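Labels for the chains are A, B, C and D, by order of writing; each one numbers its residues from 1.
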């Protein structure tokens, strides 16, 4: 088992003809992901040339792509100016999961796009996230496939490359993964730590979870409380940014709303107080997982 | 992107918010002239991209133009939280009856623009929030509907008893939301929103942070960027599409991804070293970015070693490798460079580096230990 | 029993200090409606002087009014420029039914206000409607109380004064009413014929229903289909506008969207084809009800 | 409120929609001069608040300025559905490749602004809708989000195969929605939206109806009202806050509420009479309205009797009674007046009428029979 994506994932790539979109579509196809359609307005009717002579039909709209292929998931590589609209188009097309890779989407546009997806019961991952990989099953996004392996560990992270780091360590230690999820580092993200923890708790194949956070916000603190209240499986944590200097802050609004400075110390404390083993170095993460599973 | 008080006031004024007049100046002479044309008591306020101006002595009341000039001569050139004051704003002193707080930002948790208002505004507002949370009224604005008139009124009702002031306050709150949206802001704040003894509501301070992702579609806001008070490295980094923060150590760090960059700094510290900077070269890296990153890092005389930590996902290792090779051709780098490169197109990247005479690590722990060791040598 | 309002209705009057608001508040109180609060921004803390020395507290906002009184219903008499916002304020305050009397509310504003109320599961009646009266129990709106009587007939109508006419005839013939509802004549209304028919069908005290329509739109046709499919109780209908001349129509959009000219003939035919007895004259309505109940 | 084609085109142009140039004229001489300045073939189009202009001969192609003048002299003064043509619009003839239909209105059922588009535009669009519904693509616009770019694109994809035309079409559709919202419209329509042989998408016709309830907050739109082609009674009625439609009968009707007014007309007809008008005096009636209503009704020489049918709800019977008494003092009315008055403040109303010498019915059936009888006398 896995969470969010698996062998039955039928993927549409929005922005399939762009530089990043085409590169990563090939990588996803090479990994065995069922890429059933691409969408690039104005290029409907053309074909995308994938690896091994495989081709993917291109459509003008998500509506047509889903109608023709029965896709259930989309991934978005379109430029920031069009990404929020692409998310809403996907959310209206019938897919159940929208993975938004694009970085730099205006936050106010995302507030509307997230509301739009919520209205329709569609899950968004990201934006500004590396995506998901369920090793041996499917990959949606940009996570490098060569570092993952099948196994019992669920990984969820706010960071992109730091996730790769942790997964790389796990794999090197022989600890494969059920699913690795990069939830993204933007202020407004569609799927958060708690959503993923809940899914990992419900997934019978996941035996332990790695949660990688960073400074800013209070998502990690809420996730820690969730772990204590609802998780039976061991969770190992890491927080990046212990040495980050305090920023020059403008205004009081941020502090008033969160009641928190969002420091690494706060988050490490929240993890430890709620039974989450915290790694000091990225290299220690895999060892703590191994110990938890022993 | 943070904008100055005087710029935020321009945005507010355009949205109809009552803002007292005022002018910006860069010399004590200009300040004196402005104070003279205003007449009466004025306030001289440092324009700098940081809070805490008042406590740092950057805001002064002046009884007459001569005093305004004296204050300005002390404030101009002063440093506030590492930023040099190059501009001051001169504005009439107001006859303040009450000071309220009105702020709005995009809240991560509710995913909505969220207002906070309090009748107990002023510089101690954060203490009010911490110790008397009931004195703060909060409102989530549903982005599907925007700010509704009754919601602005509901917030303003907290601030005043007098219906005439409530009406003015509600209007300002609605206008602040309009300005927040139209500016592509992530935060906008009036503290204090005063009422005068004559019964007028006015914004006498203004803060606004703009969402960087909004600037491409708002050239008039993007034009408000003022880099005169920030270190040149930050300006150069931004222009190159990099994220950079100067620190006090000697290990120059060049990493892809903010999380990995922070983890790298943490690990440098863990092994007894001191990072010289935070630097995220971001996704889809191209050689020009690496060149700019190296120029910024090598300009710091304290730096003893350059540490690359690259884990390729959307950033391809071959791009970064090409960038490093290209950059080292363009700039004469005398410092040792240690490189960790793994992930997407790792083999091609390592081959490019190998062909150019560099050798690359694949372990983050090893490369950081090596860098700290070289920095101490 | 009755529908929408009854003895337990606790009413807030939005715009209680205006000319119409104050006049009709007194009339509603005289009828025995529990008017528990009024709202007029800026007049919070004052009192409204009702009949018989009764007073009603005035609040600045719906939020305060509902918190202080536990009101479950509101009625809106505010001017058109503020009415859509007043509906949204009410929908956010905790009341379950909002009766909007105001005429002349911009249609595009109402599209937003209706969506807002739907998002919150709040029922809106109107705007531009005369309200509801459940004889002997409560009255919300402007229907003249002296013409109604308790009894077994449910009345639902798009028209204001034509409703009064029909109810007057019923009462004169000894046929009282469970509830009379004026759904309003605006293009976008919150509660339609079908909603009311459904409620009357479910109300054990209602034995027959009078439905009064007029030219324009297709609400009557849909209601007729609903009657045939779901109603066990007899329904008597009347359609106003048989002699209305066709308007000078601009554009094709209306005809394309509805596929109907919305004429009286169409509607009468839809009624008759679905088992609804149609009165030719207003005075015939009561007789048809009497026959149906015999 | 309906606006003319040339006014709708101004609104469209302001929203960025490509609309060919053109000018409005009231005399054949002006038309000739405009045609000359445009050069080449032109179209002369009657500006009148009704559809069916083409079929009525109100739209003519002219090969040269002289022919344009001739067409104008026939079109100006012509009657189309009871409206007199006082203005024509002169615009260049276009080189049409395709004709599409694009319209938006607030749909009662979905309670949303709803688009309809078809590649088979032109005067037969309603037949297309009736016989080939699959040729019409519909889209509900969620008023909480507005028109989204991909939705406009999805609609435009129906209209064209060529991606360059789709792109232009999507832009026009988005702009039409903006214009619809900004104008407070209840309907806006382009038929046809043409593509030219040169590959340009243009709106060569324009229709727009404005929601009367929006006019109070849009003075610039309200100023577009043109009453020159409508009967003076309708103008006067609207100015007085009444709703009036002239008919051919002799029973002058004055009723409160549109539904009751229609039912009253129906009943007049039922009893063998003919209503002279539809007239709704609306809610919250005041004496001035009744005066205006009586002035309008009595100006019709065919009217033999005046029938009041008032059932008071929000309209109070005493107001109406006062109005009738006041009006009969101000105007010398020679016609018989029959009055039915019941509902809110019925007793006060009847007393006022009685004091002034009028007697009032309480039954609608009786009063209508009486009026028909008097009209036949």
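Rule of thumb we're sticking to: a residue touches a chain if its C-beta (ideal position, glycine included) is under 8 Å from a C-beta of that chain, and two chains touch if they have at least 3 such contacts.
Computed from a predicted structure; not experimentally measured.
S.K.: Given the touch definition stated above, what is the smallest step count connecting chain A to chain C?
M.R.: Shortest path length, in steps: 2.
S.K.: A-D versus C-D: which interface comes out with more C-beta contact pairs?
M.R.: Per the contact counts, C-D leads.
S.K.: Take the average of all CA coordinates in chain B, do the same for chain C, and state the distance between these two points in whole angstrom.
M.R.: Result: the chain centres lie 54 Å from each other.
S.K.: In whole angstrom, what separates the CA-based centres of chain C and chain D?
M.R.: 27
S.K.: Do you know which chain A residues sit against two or more other chains?
M.R.: Expected reply: 112, 116.
S.K.: Can you list the residues of chain B that touch 2 or more other chains?
M.R.: Counting only residues that touch two or more other chains, chain B contributes 144-145.
S.K.: If each protein chain is taken as a node and each touching pair as an edge, is the resulting graph a line, ring, star, complete or other?
M.R.: Topology of touching chains reads as other, fitting no named class.
S.K.: Show me, using the given definition of touch, all chain pairs that touch one another.
M.R.: Chain pairs that touch: A-B, A-D, B-C, B-D, C-D.
S.K.: Which residues, counting only chain D, touch chain C once they are in their complex?
M.R.: These residues of chain D touch chain C: 2, 49-51, 81-83, 101, 103-109, 111-114, 116, 125-126, 129-130, 136, 138, 142-144, 181, 184, 186-187, 189, 191, 207-209, 211-214, 216-217, 245, 247, 255-260, 262-263, 265-270, 275, 278, 282-284, 310-316, 342-344, 346, 363-365.
S.K.: Which stretch or stretches of chain A touch chain B in the complex?
M.R.: 19-20, 23-24, 27, 80-81, 101, 103-108, 110-112, 114-116, 130, 142-144, 146-147, 157-165, 168, 185, 187-188, 212, 214-215, 217-219, 238, 240-245, 248-259, 280-283
S.K.: Which of the residues in chain D end up touching chain A in this complex?
M.R.: 145, 148-150, 153-154, 157, 163, 166-167
S.K.: Would you mind writing out the residues of chain D in touch with chain B in their complex?
M.R.: It comes out as residues 144-145.
S.K.: Per the contact definition, I'd like the list of chain A residues that touch chain D in the complex.
M.R.: 41-44, 60-63, 82, 85-86, 88-89, 112, 116
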